[in-house]
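Chain nomenclature is as follows: A, B and C, assigned in order of appearance, with residue numbering initiated at 1 for each chain independently.
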Amino acid sequence: MNRRDSAIRLARSGRIVTMLSLVLLAGIYVRALVFTPIERTQGAAQKIFYVHVPSAWCAFLAFGVCGLLGIAYLWLKDRRMDLLASSSAEVGIAFGVIILTTGPIWGKPIWGHWWTWDARLTSTLFLFLLFVGYLVLRGVVTDPDLRARFSAVIGIMGLVLIPFIHLTVYLFRTAHPMPIVLKPSAPSLPNVMLVTLLLSFGVFTLLYVGFLMQRYALAILRDVREEELANAA
Amino acid sequence: MPSVSRAALAIAGKDIAIEWRTKTAIISGLVFAILVLAILYFSRDPTEVSDLAIAPGTLWVTFTFAAMLGLNRAFLLERERRAMDGLLLTPAPRSAIFWGKFLGNLMFVGTIEAVSLPLFVLFYNVPLWDKLPQLILVIAMATIAFVAVGTLLSAMVVRTRHAELMLPLLLLPFLVPPLVGGVQLTASLLNNRPLSEVWGWLKLIGAFDIAFVTVAALLFEVILDE
Amino acid sequence: MTSAPASTPPADLVLSARDISRRFGYRRVLNTVSLELYRGQVLLLVGANGAGKTTLLRVLAGLLRPSQGTVTRSAAVGLVAHDAMLYDALSAYENLAFFQRLHGGKDPARIRALLDQVGLADRADDRVGTFSRGMVQRVAIARALLAEPTLLLLDEPLTGLDERTTRIVLDVLTGLRDAGTAMMVVSHQPTDFLGVATHIARISKGGLAVPEPFTTASTTAPLTYDGA
């Protein structure tokens, strides 16, 4: 099977995975809204937690994968790693947008303002901006090999940066409630909420994979076209 | 074939010699620092915000912008007549180019900081002389962070279009940890708190320095290759 | 393979390039180029814009890595490229001293000798930024000669030079050739190199034709080329 056909098959599978996860996501919403109890202090608005936190996880996963693939590219010099890395970065940016919009929507009813400099939002914002820069950089470099190498460097540096951003924000006083599930001690969410959250994590990860498959398939198709154009010249 | 340290010192020395002769970056850095310090001084309500409250942030914003000016200039030098290719044609080890540029940039940014600091004390009336050693330590640690990442990134973007836009765009997210740390530490010092209270920030910047100097040195050769 | 006289001993081989290919993305800029250069040979490289001349030179100089193939050089290579690779704020002497340090040496006498050879002895301490195009080019040549290269690569060295400077440069090149330095020169005006170049080859769409001896006939008759 040539590259074009396998890419089209990948896109098709990706579409199926995405649709499946969207259906499951609807299920999660139902569970969250109807079957999971309302949180005492924050009220119904707290339910956005089930979307907000897993999206954050997906964004960081996407950027982390991008960085790891950068290492893989520098080591193996396989162009596909670069295409996968940039696809992951784009998907990460999509999730970043979700967090940066749902965060304020959550924040407004609870704290009264749209934006707060809390841990998760702030970390996501800076990483988001870095990866926007990553894509802009890819846009201005014309040589594909140079572009892949530069992207790998930024991706790897971004990977190293993630823990430092977290630490910075953690040290800085925040208004966001301490991450309930990810506290060093045992998670203090009641079981029902914890299960909803974990299910949500799973579904969002599946959604990430679905998006990634489709975006990567598109990247491969573009690459195939470039190859054809170059050979024809 | 020259050793890494010899070649790096030669390169750093060359950058310093050129800067000393032309003084363009130092002068524009200085003027820029004065302008930023002055503008930030006036852009607040003095009854609400005291000099001391605004001082740490102002100082570090000034340092950041001045550093970016300098970093860009350092690599534009090599771009002018493609002098970088000249460096690559010599048998000098490639890592020497990184260390040489890193040292040169440190000298340069350090000089701007050294000149901005008295101005800062002058404009903002901050009582800083008894805490000078600690402050210099903090500034030095954060500057190493800026310059390590900045040297790597400026080498990268100098070969792209819109280099002057790409450098701040890519660099600023990396400056957040040392910048925030620097501001917090400076504020703490100016308010007469002992450094031991903000030990966490010092460790953060220290770890950042070690991590990013290592990563930048390792990745530098990747971006030099063609 | 070059048409070198059969009696030349292999010890005189200065450069050997085998099946050099270089891609830019998927586009082939150089296509299995093979080449041998011997002491005292001056190969003129001609071809249309975009044919791959500058790329080939940069690969041979070691600035670009070939996607495939190998380059074997006997010793130091000097490159005189489109851009001078010098620092405007430093003087001619300081530029040369700096690059000499990066070659691992410190030999002021040699720098003075080189500047003298290119006719810039009296301007040694002036900033390169104040130099005319011809003077900058001559400093660039001096820089390329710092490490006493056995191979000198020149990319359109006479572009923008006045008559006098052109004469000086050609004299320098002739002297180097007679002393045994091999050279490869990219030029759009082969006639400039009559009396200097020994061979000529055409590059077309990334492929290099077999080099032929360079005579006055070469500049008027169409070159044979077996394509890439």
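The working rule: a residue touches a chain if its C-beta (ideal position, glycine included) is under 8 Å from a C-beta of that chain, and two chains touch if they have at least 3 such contacts.
Given the structure is predicted, the values throughout are model-derived calculations rather than measurements.
Viewed as a network of touching protein chains, the structure reduces to a complete graph with every chain in contact with every other.
Chain B has its Cα centroid nearest to the centroid of all protein Cα atoms in the structure.
Taking the CA centroid of chain A as reference, the farthest chain centroid is that of C.
The chain pair with the larger count of C-beta pairs in contact, out of A-C and B-C, is B-C.
Chain A and chain B have centres, each the mean of its CA atoms, that are 31 Å apart. Computed centre separation for the pair chain A/chain C is 51 angstrom, with centres defined by C-alpha atoms.
For the pair chain B and chain C, the distance between mean C-alpha positions equals 40 Å.
The set of chain B residues touching two or more other chains comprises 225-226.
Contact residues of chain B toward chain C in the complex are 1-2, 6-7, 10-11, 14, 17-18, 21-22, 77, 80-83, 85-92, 225-226.
Contact residues on chain A toward chain C in their complex (touch as defined above): 143-145, 226-227, 229-231, 233.
Per the touch definition, chain C reaches chain B in the complex via residues 58, 61-65, 77, 79, 81-90, 94, 98-99, 101-104, 136, 143.
Taken in their complex, chain A has these residues touching chain B: 74, 126-127, 129-130, 133, 136-137, 140-141, 146, 149-150, 152-154, 156-158, 160-161, 164-165, 167-168, 171-172. Put simply, chain C touches chain A in their complex at residues 24-28.
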